[in-house]
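One chain, chain A, appears in both complexes that follow, with chain B as partner in the first and chain C in the second.
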Partner chain A sequence: MTEKLGMDSQLAEKTNADRPKPAARAVLPMRHLAIRYGFLTLLFGLIVFFSLATRGFTSPQAAVFILQSVSITGILALGVTATLVVGGFDLSIGSIATSSMMAAAYVMVVLEQNALVAVLACLAIGALVGLINGLIICYMRVPDLLATLGMMFLLIGLQRIPTEGRSIAAGMTMPDGSTAEGTFSPAFLALGRHRFDFFIQNLVPASVVVLIVLAVLIWFFLEYTRFGRMMYAVGSNARAAEFAGAPVKAYKIWAYVISGVFASIGGILLAARLGRGDIASGNNLLLDAVAAALIGFAVLGAAKPNAFGTAIGALFVGVLLQGLTMMNVPYYTQDFVKGAVLVIALVFTFALLGRTR
Partner chain B sequence: MRFTRRTVAKMAAGLLGASMLMPVGASAQDMPAPFDNPGDVEIALVRYLSTGDFFQAYLSGVEAQAKALGVNLRVLDSRQDAALQADMVDQAIALGVDGIIIQHGLTESMKEAAQRAVDAGIKVVAFDVNVENEAIPQIEQSDRDLARLALEQAIKDNGEEWKAGYVYVAGIAPLDRRNETWLQFKEKYPGIEEVAQFGTLDNPIANSVANQARSVVTANPDIQVMFAPYDEFAKGVKIAVDEAGLTDSIKIYSADVSTADISAMREPGSAWVATAATNPAVVGEVSVRALAMLLAGEDPGQSVIVPPTLITQDVLNEGDIKNMDELAAKLPQFAHADVAVPDWMPLPPRD
Partner chain C sequence: MGSATFRATFRIAGLRKSFGPNEVLRGVSLELRGGEVTVLMGANGAGKSTLVKIMSGIYRADRGVMMLGETPFAPSSPAEAMRAGVVTVHQNIDDGVVGALDVASNLVLDRFNGPGRGIFFNPRRTRREAREVAQRMGLSIDLKADLTDLPLADRQMVAIARAMAHKPQVMVLDEPTSSLSSHEANRLFSLIDRLRERGVAILYISHRMSDIRRVADRIVSLRDGAISGLFEDKPLDYEGAVDAMLGQSLGQSGIAARAATKPVFEARDLQLKPGATPFSLAVGAGEIVAVTGLVGVGKTLLSETVFGLQAPLAGAMRLDGTSYAPATPAAAIARGVFLVAKDRAKTGIVPDFNVYENMSLPFLPRLSRLGVTRRGTERAAARAQIADLKIVCRSERDDLATLSGGNQQKVTVARWLAQPSRLLVLDEPFQGVDISARHDIAAKLRGSAGDRATLIFLTELDEALETADRILVMSEHTLVGEHRNENVDMERLLADVAGGQVGAA
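Let's look at the complex of A and B:
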């Protein structure tokens, strides 16, 4: 799907440059503006609306917790963006995140290791799963959706095996009847709970800082490095890239490794926030992350996966959901609204952009 | 006699079996038929839900009581597949078990399967699923009592006038029953003002609820009491209250308990002050005992209710209780319920 889209836009760009249509000139600036800044304007409008409609929306604290509410799905979304860029897809990110959460809890509570070991274990799991995904897709020629779907189920099961389906918490009773001696180390919990001073004391949570750092990193990486540009090339036309001498398989595998590592970072933050290892499928994380990445297509009229768009997409969903919650709107309408935003963003991307170019 | 690997294994198995039967041996002749020969009795536990701490503990209770009786237990686990669960009842019928415990499930899919089991002369009890059958006793943890205990504590702590946030998702049977009690309380105490209602079952629940609760406490900083009658909800609310720095002004009341909940309640300055809970292991034991009474020709009653216990932060701190085992040891009413205990009933050993 994304591969086709990438090609379309590239082709469209080419034809556009070759022979600009004079008839479309007059409407173009207006439509161009709408496409380029429509979503950002909508986001701004939403913020203004919620500021007027609710108490306490326009405070630095509110801004921060909106960012915090999207930090985990945002990080996952940035990871999946990398796989979208090479024309793939990663369905396993949600379960990588929950597996990494369980792994962090297991390492600290059961194996009684420190925070560093826990973090490294999680990152290793993320990288390893990403690597396996990439190898299966590139060398076993399994379609990306199917390979990562299989990995998703595998991980949902795997994360429960060490504890026989129990959630992991300090002082838990192990399957053999003994009590786990380890605890979540304070350094690890700080990853989810520490707040940095930023004009106001204790304002910005660590998870938001991680989100912003990762967003800037992946944005710079995809847009401004040779590696990132090559990934786009692989995504828009893998065969052409191969003829041009690019190691296509390596780029694809790297994309899945990035996705896996980002997902595992999301899992680390989740574990640090919850302070326990909760058995969970992570499917909601997956869906929210994918939604953010797809909404990102529409931002700035990019019509392709891009890190900036993904970050804005995640923020958009966060603003909307937190604003609605503050207005006391019940949860089922929130799913509806989320879906509506996604549909509108996709229509925007595919219909409007297709016509103008 | 030559000691081949096989004979050793046989002896080991025999020893193991004998050691398991040993504690029952003495009391077996005192028990009514068919438990005068408990080795011949087989019961089946047909489960709908099995992952999670609650269901693990429930199973351990079932196992403990079955062992105390000396009967054989067969566990059939449908893993949230309603159709498969009905098939499993038929499977149990075909296996010729003497009794069946149906654990959770959907009324629509289980009603007929349960009737088929009754028609086949098998004794059946049901836990937390209404199979609309008079021959089948219902084992219940009383959700209304759970909510009542927690709310009574909230009234005791905060008086009769406060602003409340309420976490609720409609359509989940136990939450609906807890909601009934909340509605009654609001009617009885008009001073309670519900300023916000929210809730979600998005996985991981605590994280999703934390995000919502964060918005709610920002929009309504004057909330004094959060009623979150499900421990995953309470965990989420606690995270949000901690993050918003409102631990001093908000108190959280909930239902259910687990080891993780205990440590969350005992964190210094924790806003989570009380929860009402039934010990799932005890519910498991009661399920087997009720079935055993049926098998022995006694009547446990149409509905067998396991009473809940109120667990406050103070009690946990005073007893230095760190996990479920210590909770059961320090609060005897939590470790044991005097429900479905005729004189002859052997009880699982307690430590």
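Let's look at the complex of A and C:
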């Protein structure tokens, strides 16, 4: 924040003598274009490259496969974008997702409830955890990173307690020696396995539809509603937002609730895809989601968290990994590739944009 | 002032600096002489800060030379400039001090990095050295106190004291009094006098005429990145210097004091602080009331109380005849009470937003339908305000950070003028604003007063005399005087401001 204040006066001085000069004008748009559309051009270039270099990259099935591979991390990333917008951060999204996956399995397999109850239980967990995160951060004044880091640990432990560390699957043996009677309901599994017809039969998986709907929703919310605008104001200068009459704490808490709910939706889809509550899955969710949201800073030269950028960021990672896989690049290089993309995007955002603004 | 002191200790010739296409300095030449205070005047954006940053080693000049005595001076870092003997006290106080450390560490902060220092931190040595620095400057601050607990004025004294400890040849003071009370400013002035006697060349940058009259030996006016006037014949031609800085004469606006038609806002037996005397106050429709007084007498506290950021200890407020006790700013805004708060960078501006987004911030509920913002409406409203207040920008979609300080301030004022209000409160609306921007804002306030009550909190008497119909004086968290702005008895007004400590003012 202090950095911004310092910059403020310096920029004011710098740009005050800003009179359009014909000679300099010609140079600026090129640079401007590069910043604005550089990342999208890169994405397009990658797609062209992979479709030339590999066979079958451009088929509708391959496109859907990419979307499906990033759907869960994409949803988590969209949620964490909301917390980034208010100037916070949510490290607990990965463990909210896995907790919600375990909860869905537990509700259906052990408690023998139907799909609706399982979904509602997961959403409630996400909202509750988000609310607790928000309250701890706003009222107990715990810094966001630390509060959500603590919550992450807590949830990783908590999700193992009901089954004493076992994964949950139909017909599993309970700690007391009995056998669980419930099963994953077909309606629930459809969330992970059903495919909608879209020109081609059985093309689009439910998870991709959920991703697209949530992306459009959060994008519209952040860009076009007054609540979204206020959230950006809170993130940029909380005191100014307060002096403009905004309930700053309420906005922050809501951001964590949104993040929690989105993460729990990701968890539901994960459970539906796996068909079991697997304590070993979902390890990479947090890092992948955060990477997508941060890559999003570079899209369209926004230099700030934004829903469209986050979606493109997730897609970018998906396209890159899919293309490399099809070119027979070994799987163990994937994290390296993601990390490299993230570092480049961040350098692009902060070095390039920082200088021109 | 013997003839020996008249040799130039610091010379600048042909200094140029551009940021991208913007040429901020276009060939500045300047001499500073030992034992003299050279005042640099310039409107917002004239290039003052850039010049200071080049002198202090933050920026490098594109062209031109600086000479310190007989040696070329081209510092590549602030530390190098300081070691060479050119010391700068920056306008932004928190740039000069470290909040996480105590006063003693702050006083000797720069010595931690000097060559030949050990690896380990020695608290006793630090405190001993700090005590020496403090004593030499006549600073009476608890050395063990945390810096964040000090008022702004004391933090600045710490920054200055540390700079002084270097026995500088050249000292640059960038608007050093902008957050000091007049008593503290006087301490600073006597310090400057002592430095002048020791033969230090001082470059003093300020907007305040009272400061300039007090310290200036000569005045240099900067306009659009070039020197537009040099005044060194006694008595100094202050008006000429202002003219040179603005490039035009600004007639002193004669105010026709208006009387209120009916009361809009009343406060009865308001108590702001334990032990402070309760006071009452009324502001009427169409009236502009200035509350003046020194820094730290409770002006900001009163403005925040009216806006629902603070609850008064005792007393009641009424608005338009009904009880008014806002619990939050949102409640105050809903009743039509708006506050243009002090320190726009901290409380006013959203730096990531553009002009129209900044202007519509408090009124988004009114400007949106079913929660969805209506950009067309917002932008039209912003365009009207831009034209009204003569805000210099390319369009309402410019990022706020690209505007000059004065224009940013106009945006924060325009924000609250865009919607009708019952009571408009402004806390130091002219802070860091040049004279022409000040006149634009004041004229707009007077022109739009209409049915609204307006309450302005100002430290500078000149500003109060320029804008208000009635002037109230605050001292020690209570109101101590009232003057109608017509043939004001200046002596009595000043005595009120000094509030008993007449000798100090």
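The definition used in the following text is that the second predicted complex is superposed on the first by the 327 of 357 C-alpha atoms of A that agree within 3 Å, B and C clash if a C-alpha of one lies under 4 Å from a C-alpha of the other, contacts with A are read in each partner's own complex, and residues count from 1 in each chain.
Methods note: a contact is a pair of C-beta atoms (placed from the backbone, for glycine too) under 8 Å apart; a residue touches a chain by one contact, two chains touch by 3 or more.
Because the structure is a prediction, the values reported are computed rather than measured.
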Please indicate which partner A:241 is in contact with in the superposed arrangement: first for chain B, second for chain C, both, or neither.
-> second
Taking the superposition as given, does A:224 touch the first partner, chain B, the second, chain C, both, or neither?
-> second
Identify the partner contact of A:32: answer first if only chain B is touched, second if only chain C is, both if each is, neither if none is.
-> neither
Which superposed partner A:205 touches (first chain B, second chain C, both, neither) = first
With the two complexes superposed on chain A, say which partner A:273 touches: chain B (first), chain C (second), both, or neither.
-> first
Given the complex with chain C, which residues does chain A contribute to the contact?
-> 2, 4-19, 21, 23-25, 28, 224-227, 229-230, 232-233, 235-237, 239-247, 304, 357
For chain A, which residues count as touching chain B in their complex?
-> 54-57, 59, 61-62, 65, 68-69, 72, 98, 101, 160, 164-167, 169-173, 179, 193, 202, 205, 270, 273-276, 278-285, 321-323, 325-328, 330-331, 334
Chain C contacts chain A in the complex at 19-24, 44-45, 47-50, 53, 91-92, 94-95, 224-225, 307, 309, 328-330, 332-333, 339, 341, 345-353, 357, 361-362, 364-365, 367-368, 371-373, 399, 401-405, 408, 415
Chain B residues touching chain A - in the complex, by the definition given at the top | 50-53, 56, 169, 196-200, 202-208, 210-212, 214-216, 218-221, 235, 239, 242-245, 258-260, 262-264, 322-325
